[in-house]
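One structure coming up, written as structure tokens, with questions to follow.
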């Protein structure tokens, strides 16, 4: 058994039961973004969270243990994603990458926006011309250390 | 002459003059995100915008014409970016890619978040534990057409 | 179980039964292009469509559920396709890519032709020198937003 | 001197003069698709065509000779195109590739749709919900030879 | 079941029975080149051919059906082949590629040598200094269409 | 100066003078295939051949010396060629690669067809249904040594 | 002008003058590791540091300005480095990568060792069996945020 | 059976039993770094070590034998690692690669820091601003031989 | 069944039995280099050799047949090998590649050193400063044919 | 100026003067293998050697200084070499890679054959069936350290 098998079992159980990620998150008591990432094998759960997830998706004790192991991260099968929805995000990084770099450096100096001390919030923004996906990313700025 | 040469001239003129992207954007009358992307060769300017940018960076008539030509987009030299700041964004797509996909589909059904009818806003979020980079992405949801 | 297994089952069942994609599409009540893409794991079916497809190919309830889940898209095993028929399409993009870009921008300005709000129609065009494949692609033009 | 330099000169001259590809095509007396591809270094011109193009873009005798040499084709700098407009076409091949394959084989049997005995027509299709790009591709079907 | 499994079964049955490709071809009544390619999953058989191949290699009805389905072609596991015999052919394309291009264009003008309306004949050419492999390739010339 | 610059000078001189590869080969007294490959930087000329080529294309003494240096071979800019004519050859290797391997081994045992002790002959084969490109490849069979 | 040109000028001036990186660092008043990285185009200097570096390597005012611009980082021409000294470091990451991951997670939980809030110290460790390179890496542990 | 299966069994047994790598190392009597690497299939154990590891993880005699076979090394599934913790190390090599090269050569001359006669020590360094990961790498310097 | 499965069975049987490659070679009556390569799926055995190998490793009749089939060669899972021992050989080709080319051409003219009519001999060379691996490679020189 | 430019100047001067690598090596007083590698930008010369090389190839003082700087090594433009002579060496590593690994480990245990404490000797081995290239590689065995 490994984490990938547990992730696949979770996904299959979710399709079978029809539960939404939002409901799962509510039961875990955390954001839907973090909870989904954890269920998809990208985050590490503590004992209590693993128990809740285990109950929702019918995982064995052994499978729950795997949820508490730090996974090898990276959720995509290819360096350039083929799925159109995910590709659009890759395209944003490709087209706006140097722009993002310039503007963060202009405001903060040399350093990065953390992808670890980081949160994401995805919501629907109603719009008469067609609803929009609104995403808020928040990452701590980490300045390069001089030594 | 080509657009890449104009972009390089703009960057060199910016380093030389010390003007900020925020100031450039103010003069153009648009967001700093769109304006910077345009100056970095990713967006297309209209005649008036090209004149303003031309005046700021000392571009010739010929060079201003290139700003009005739709560029071949993509600002990064490699599929997986090596620059740490830009890589963190790539990592977000890699780690959270399937999560983003799941949650947008859960809310909207099959389709994508547009990277064309799209805007981005990067701001500083003061925080006692260290200021944060706050980014708001807004993209129109486009449902897959059934036919 | 996952969507790939369902797709493989559909393909095997089609070979076994000898039904054509055109017949499948007629039963679903949609175009043969969209229907085939859906059966090949690239589109998402609604409940009724899943039931029809399920009946045609002998899918279980569980398998039908997978047809209603948005799939991870991209139908090719390599970035440059090795199959000669599909490669010719890749070659059209490679040889005519910059031409297509120039002409769409000349007519519409900066933006893209949508691959989401999109339809395709493949037909036989009789020709005494050898019949031709006639393909009509229709994609909404999406202008780049200025902000 | 080589063909790439001639292509770059044509592009720069076009930006400078402001002539459209449609006008260039009218003067050459061929479709805008073929003419643009030829000017972008993907097709081979005969003597008369080269003279017309040479006159439009101010090419020397030597440069006109290069237009009559069969070029090394392929207009994109990377196997997976980064430009969003061109990427959408790559995505159509990626998502619909196996569908296109199935349907052409269903209609014609084993073989390919030629990318050589091929034509393309790109037009604007007015639509109240937003105009569409309409593309007609026509390629001779070539059956695999049995021997 | 899929075509790859049928191909693997044919290969294993051939090793087990010791029949040669030349004998298989004789029974099918076609060239050894086309017949071998078909058995290796690169060509499509008609009903009669599938029956003959099925009899030779002990294939079930279901497996014979797969031989009549157009396969996803491309027989090599990597873009640059590692097998020394096949690599030599890749090397010929690499070293002589531009030469082949120049000479075919010099004789025929712009176009290609078809790999579809194509045949190949491999024979032993006795030579006192060591026998040679003699290969005749014949492909229809297809001129680029002007439109 | 290096061999690539000499090759580029030869190509430009050929375009300028309009001489054919067949004529060049006649003057050198060798096949058009070897002569073209040599002029394109893939083969090594002896002193006399270099003098003939030098006279045809107006090369300096220094440039002629480069023709006598063994070049770094490989004439294509990418592992998978983008040019349609050359790609068709790559496709033949891809589709027929395992077939070629099987048939040469069936006839000769383990070993390779040499790409060094090798010759190629490209001719036009008249055909009422459209002329064909006829290519004869001849390579010495080299058996794997057992030791 | 761009940062890469300034870096190349610094390297050439260093070869010409024979100054060591250790001396350069002493004059800048920082570690030899950070100073060398900065001179090689990977770190951003403040005004005073740029002046010192400018004096050492004879840089113009304009060139010194570039030292104060945040560079596009990544010092290697290929994803897998070919230089043997640098490759050994890549190999350490390849062979020990999962080990490093396991041990840091065992001690700290889920998170990363920062490459930004990071320092490195390279020294000679005398050893009778052959001196050793001793490297101390120190990176802040950043725990994954739960939200 | 192969070494990869033994490694997977060890990892699964560790998750199940909850033993730490530090405890495993204590029982083996070696550093936690070497021991973990060995358990993860990167090092070769002697008979006694294999017996200890076998006892801890419940390996059969046959499985213990595999621990004594030199493994095919390299622990990462992709050339550029996707896991954030491991990527930071790759980034250090990418950003500091040329710096490391310069400084080792400045101190030792031409040669490399061995990744074979090598040790690593990972410890927690308490720090009021957030604990740090402290890593000491020690590799013998190997000078290039002149001959 | 296929050759890869037979190779894996041989490797597992060797680990289980503890026999050395040198002993296997002695029984086959050939060099340890050729014999090992053959057992690892890179060479083709004749009937007698297959019987000997089959007896040593407990192979069935069917499995022995596979040893007599010419295998698809290439023993490495990635183009650039990750295993340190094998990488050092790749590095020798990378660092000394152009040197080897220059010196063989200087001695022999244009052509190659055969990897088919080739033998290799690996021995231990005792040395007080540490024993050395001594390898002798012998390959027939094959001159490029002029035609 | 940089080392690559100095290398190119040396190569051009060698072609112009016609001196052989063997003669150059004699003047430097070292093997032809090391000397050629050094001239091709892969090794580092001391002051005296640089002076000799400088005199042979007419290098300036500044250019000679570059010969004494440790170069960024790796002499090939692509990971898999396209040149047939160099490719054969790559093929030896590919086909015999696992064999070499097995036999060195069988003789020496876990470790590597050094590519740094290494020498190579290339000679002509006369043979009535065609002369052979004889290469002796000698690399110190470096055992993996246990710690």
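Letters A, B, C, D, E, F, G, H, I and J mark the chains as written, and numbering starts fresh at 1 in each.
Keep in mind that, in the parts below, contacts are C-beta pairs under 8 Å (C-beta built on N, C-alpha and C of every residue); 3 or more make two chains touch, one makes a residue touch a chain.
All values reported here derive from a predicted model rather than from experimental measurement.
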Neighbour overlap between subunit E and subunit H returns I, J
In contact with subunit C and subunit H alike are the chains A, B
More contacting C-beta pairs: C-E or E-J? The answer is C-E
Here the gap between subunit F and subunit I, centre to centre from mean Cα coordinates and rounded to Å, is 31
For the pair subunit B and subunit G, the C-alpha centroid-to-centroid distance in angstrom is 29
Taking each chain's mean CA coordinate, subunit G and subunit H are separated, in whole Å, by 23
Subunit F and subunit G have mean C-alpha positions lying a whole-number Å distance apart equal to 47
So subunit A residues touching two or more other chains come to 33, 72-74, 76, 79-80, 82-84, 91, 94-95, 98, 101, 105, 111-112, 114-116, 118, 142
Per the touch criterion, the pairs are A-B, A-C, A-D, A-G, A-H, B-C, B-D, B-G, B-H, C-D, C-E, C-F, D-E, D-F, E-F, E-I, E-J, F-I, F-J, G-H, G-I, G-J, H-I, H-J, I-J
Given the complex, residues on subunit G that touch subunit H span 20-22, 32-33, 36-37, 40, 42, 73-76, 79-81, 83-86, 88-108, 111-115, 118, 120, 122, 124-125, 127, 129-142
The residues of subunit J that touch subunit E in their complex are 80, 82, 84, 87, 91, 94-95
Per the touch rule, the subunit A residues reaching subunit H in their complex are 1-2, 62, 65-66, 69, 72-74, 76, 79, 115-116
So, in the complex, the side of subunit B touching subunit C is made of residues 30-31, 33-34, 43-44, 70, 72, 98, 101, 105, 109-112, 114, 116-119, 142-147
Within their complex, subunit D touches subunit B through residues 8, 11-12, 15-16, 18, 77-78, 80, 82-84
